[in-house]
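Structures incoming, each one as structure tokens.
In the two complexes below, subunit A is the common chain; its partner is subunit B in one and subunit C in the other.
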Partner chain A sequence: MAIMFRQETFRDDFTYRNSPANIHRFPFPFDRDEYAYSVNIEPHVPGRKGTIYESLIDVDEHYVAEMADRALVLKEDPLRYQALPHMMQAQWDVLELLMEQQAAGYPEHFSLTRNGDRWRWINRPLGIDDTFTFGARETLPYEPLEYIGRQTQGDLCIVDQRDNNLWMDAGLVTTQADWSLDFDVGMNFMEWHGPVPLAHGMGIFDRALKFLLNLQLGQPVRRFNWTMTVNPRLDTSPENYHKWGRDRTTVTPVNVGRKVHLRVELQTLWRLPRSNAMLFVIRCYLMSMEELVTVPKWARRFHRVLKTLPQELVDYKGMTRYRDTTVEWLSRHDDGAPTSPGIWPD
Partner chain B sequence: MLVEGITSRPVHGGIQVDLFARRHFFALEGEGALALLAQAPALDEAFFDRCEVLYAAADAAGRGYDEALARLKPDLFRQTPTVETLLFRLRGCLSRATMGTRLYVAGGEGFIGRCMNVAAGFGMDAGTVLTEHRGSAARRVQCVHCKGITEDVSESPFACSHCGLNLLVRDHYSKRLGAFQGVCIDAEEPVSASRTPEEVFQ
Partner chain C sequence: MSATSTIPVRVSEIEPVAESIKRVRLERPDGRPLPPFSPGAHVVVSMNDGGRIRRNPYSLMSEPDDRGYYAISVLRAEKSRGGSAFIHDVLKAGDELTISHPVNLFPADKRGRKHILIAGGIGITPFIAMMAGFARDNVPFELHYAMRSRAHGAYWRDLVASYGAHRIKPYFSAEYQVLPVATLLENQPLGTHVYVCGPDRLTDCVLDAARNTGWPAANVHTERFLAPAGGKPFDVELIRSGITVHVGEHESILEAVEAAGIDAPCLCRGGACGQCETSVIACDGQLLHHDVYLSDDEKAGGRKIMICVSRFEGTRLSLDL
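Up next is the complex of A and B:
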């Protein structure tokens, strides 16, 4: 079924909203009433129809508007795309993967036809019909990662594997939770995770890295991460923090339902065939508190998660100024009833 | 936002010379001369025949480190008037470096960062450069907003020398840039609020 793409904005007048059907498929990340860091990695296999797992690269009603926002960010700050020279082969791997997955999941919107090295890619929602030579940079308007990244929801990092470590050697990052690709390019797994509190001491990054180094081709994995954002802003980059930081001071008991958003990242990791590098997709989903409480189970559970969240995580996630107001507002939607296991609505 | 205790913060392990290297480049600043001078008694003529030493005296001018280094008789000794000119020479050295060349850097935190940044430009892996911190702890800081680098930052917060924003200096460190990260400190505060800078990186 064709997706009805919404016309909306993620800045200025913030007209972003979720349709009722989209709220229902929202990846609510909490399977219990409290939250702690863990090595929460599971196989990324296709799931039930009508969920975000139906296709391995999920496309939803926000696709067109998100791509427009990404184009604006890249125009103002081209450094949001970076790739070290040795990553060119991995870039082509990524282009292939994302074209294949999107065409397989949404044949009415995307198609890929291959004739040897001559490929034809049609992206109907964005009005693109390009023929190019796979492996020949000059036959595309951008480098392959930037080209396909401008047509894929979610931030993309390509990490190279060497010396028993992973290296962030390329990326297209415009919807990040306050970290800078420009600063982190060239870092290894432990270095770019340096600013995360608690998890290093818990051994989480040692175990996660060990697991990832053995990631197999054709067996992608996934995990959730989450934070909160005031206003449905995609570009919460440190680069622009001096412009959006003030949003955090604008939350009041009256506007919290509309202003405060749960921001969930569905992160997927894919081994790449030619380069042996790895693609890390950070797909961001936003839902306002008003939208969230339309699902009673989520309202109860998120209230409890937020109320008991360790202060270190509250601070790291930048929620210090508005957490209490949000908990207070959510408490009105939590009658204390038990919640069912799992993440899905009842 | 975590400010301290960030694991990307560089650890300078010292410039213990690698006797298996075929050629040795030393980039030294100020008190950094002592890092090589301290090891010199244990090193022989054959070692210094394979050495190139670049030295900027900076704050340590007049302490005689330049003469002491020259007395080691390295294959090449060049004292430069400033760090800037040292980096220019360093680029020259690295552009003709061959396999088996080791780079050693000793001096202030900011100097090490600038040398690492030059080395990265020649495709040298940060892990292969030996570093030793001697002298000033003042930092080289990249403003995450305007991307401008400010040298010799000894206070936090400080005003970015490019865009003027008040920046908090985090321990987050990029070896590629050879710089710490500076982030606007008052974005969430009314314009009137101001914080007194404290000298923290001496």
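Up next is the complex of A and C:
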């Protein structure tokens, strides 16, 4: 079924909304009433129809608007795309993977035809019909990662594997929760995770790294991360902190429902065939508190998660200024009834 | 890690290429393209040898960009009754096998300015795809290739013909030629990487020489294969469920428990997340811990096991499941 793409903005007048159907397929990340860091990695296998797992690279009603926002960010700040020279082959791997997955999942919107190295890619929602030579940079208007990144929801990092570590050697990052590719590029797994509180001491990054070094072709994995954002803004980057940082002081008991958003990242990791590098997709989903409380189970559970969240995490996630106001507002939607297991609505 | 997804293939050609070495060409029976792979990668080939499943890893030596087929080379291991004997004596064109997706534990460093490849005997195989990659990307490399004799060595004539005598240096021990490891490793430009694949003697010799001449460890690479999933079969008694399940050679406890219709908690299925942690109620034998979740003390304590990857050898294992 064709997706109805919304016309909306992630800045200025913030017209972003979720349709009721999209709320129901929102990846609510909490399977219990409290949250702690863990090595929450599982096989990324296709899931039920009507969920975000239906296709391994999910495309939804926000696709067109998100791509327009990404183009604006890149225009203002070209350094959001960076790739070290040895990552060119991995870039082609990523282009192939994302074209194949999107064409397989949404044949009415995307198609890929290959004739040897001559490939034709049609992206109907964005009005693109390009023929190029796979492996020949000059036959595309951008480098392969930037080209396909401008046509894929979610930030993309390509990490190289060397010396029993992973290195962030390429990326296209415009929808990030307050971290910077320009700062992290060239760093290894432990270095770029440096700012995260508690998790290092819990051994989480040691285990996660060992697991990832063994990631196999054809067996992608996924995990959730989450935070909160005031206003449905995709680009909450350190580079633009001056534009969004003060939003955090604007939350009042009256506007919480509309302004405060749960921000969930569905992160998927894929071994790449030709380069042996790894693709890390960080797909961001936003849902306002008003939208969230339309699902009673989520309202109860998120209230409890937020209320009991350790202060270190509240501070690290940048929610210190508005957490209490949000908990107070959510408490009106929590009758204390028990919540069912799992993440899906009842 | 268990449960590697597999690819069905058919042998389209099998031919001797040197003394005791056969080259096997594999294609998909449905004609679809195989996944591209990175030079240095191997696949685990599963063979049904008269009802017994044998699994051996072999380096891929075909053109990495050619998705029409994979090629491997197999040396008949001396005194082998295992996979290599099966391939030499039984396997023929048209036979079907399954292979894992390619796995690369011996990749070339993409930032290397120059690459020195040191092969002994059948250890040549991963380098064939690597050299194709270096030649395509115009990266300087040299191959130093030790063989018993001209008849025992595979592919050396073709390699000299393709890449030139300045890049390909064969050494035949039958002619008293010695691969000069130590001098090779001296005075290499900064940013050079060295790779060795062959008998343990050769590998140790290269590692020693590299250490003695002050090579950074990150620039010295030795071939590794994926540790074979599985191990000896055993039985597990599940106390709460009141049944005993058999864990086969190529499955995990978790898979055996699931096959018996019992829901065990799990998430990553790779020994990292902690979800499948299970209490050991009785253990007469040894737990083989393969996870990265339990601490060393917990592993030594023997009261917990991660059933997605860890195994057991002994007479009796009872779990709280």
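Note that the second predicted complex is superposed on the first by the 346 of 346 C-alpha atoms of A that agree within 3 Å, B and C clash if a C-alpha of one lies under 4 Å from a C-alpha of the other, contacts with A are read in each partner's own complex, and residues count from 1 in each chain.
FYI, a residue touches a chain if its C-beta (ideal position, glycine included) is under 8 Å from a C-beta of that chain, and two chains touch if they have at least 3 such contacts.
Since we're looking at a predicted model, the values are computed, not measured.
Once the two complexes are laid over each other on the shared chain, residue contacts for A:221 go to subunit C alone; subunit B is not touched.
By the touch criterion stated above, A:185 is placed in contact with subunit B alone, subunit C being left untouched. Of the two partner chains, subunit C is the only one that A:273 touches; subunit B does not reach it. With both structures placed on the common chain, the touch criterion links A:151 to neither subunit B nor subunit C. When the two structures are aligned on the shared chain, A:208 is found in touch with subunit C, with no touch to subunit B. By the touch criterion stated above, A:102 is placed in contact with neither subunit B nor subunit C. By the touch criterion stated above, A:248 is placed in contact with subunit B alone, subunit C being left untouched. In the superposition on chain A, subunit A positions 163 are in contact with subunit B in one complex as well as with subunit C in the other. On the side of subunit A, the complex with subunit C involves touching residues 38-43, 86-87, 89, 93, 160-163, 206-208, 210-211, 214, 216-219, 221, 273-276. Within the complex formed with subunit B, the subunit A residues making contact are 79, 163, 178, 180, 182-187, 190-197, 200, 238-246, 248-249, 315-316, 318, 321. The touching residues of subunit C, counted against subunit A in their complex, run 1, 4-5, 35-38, 40-41, 64-65, 100-104, 107, 109-111, 218, 267-274, 292-293.
On the subunit B side of its complex with subunit A, the touching residues are 1-2, 6-9, 120, 127, 142, 144-145, 147, 165, 170-177, 181, 183-184, 187-189.
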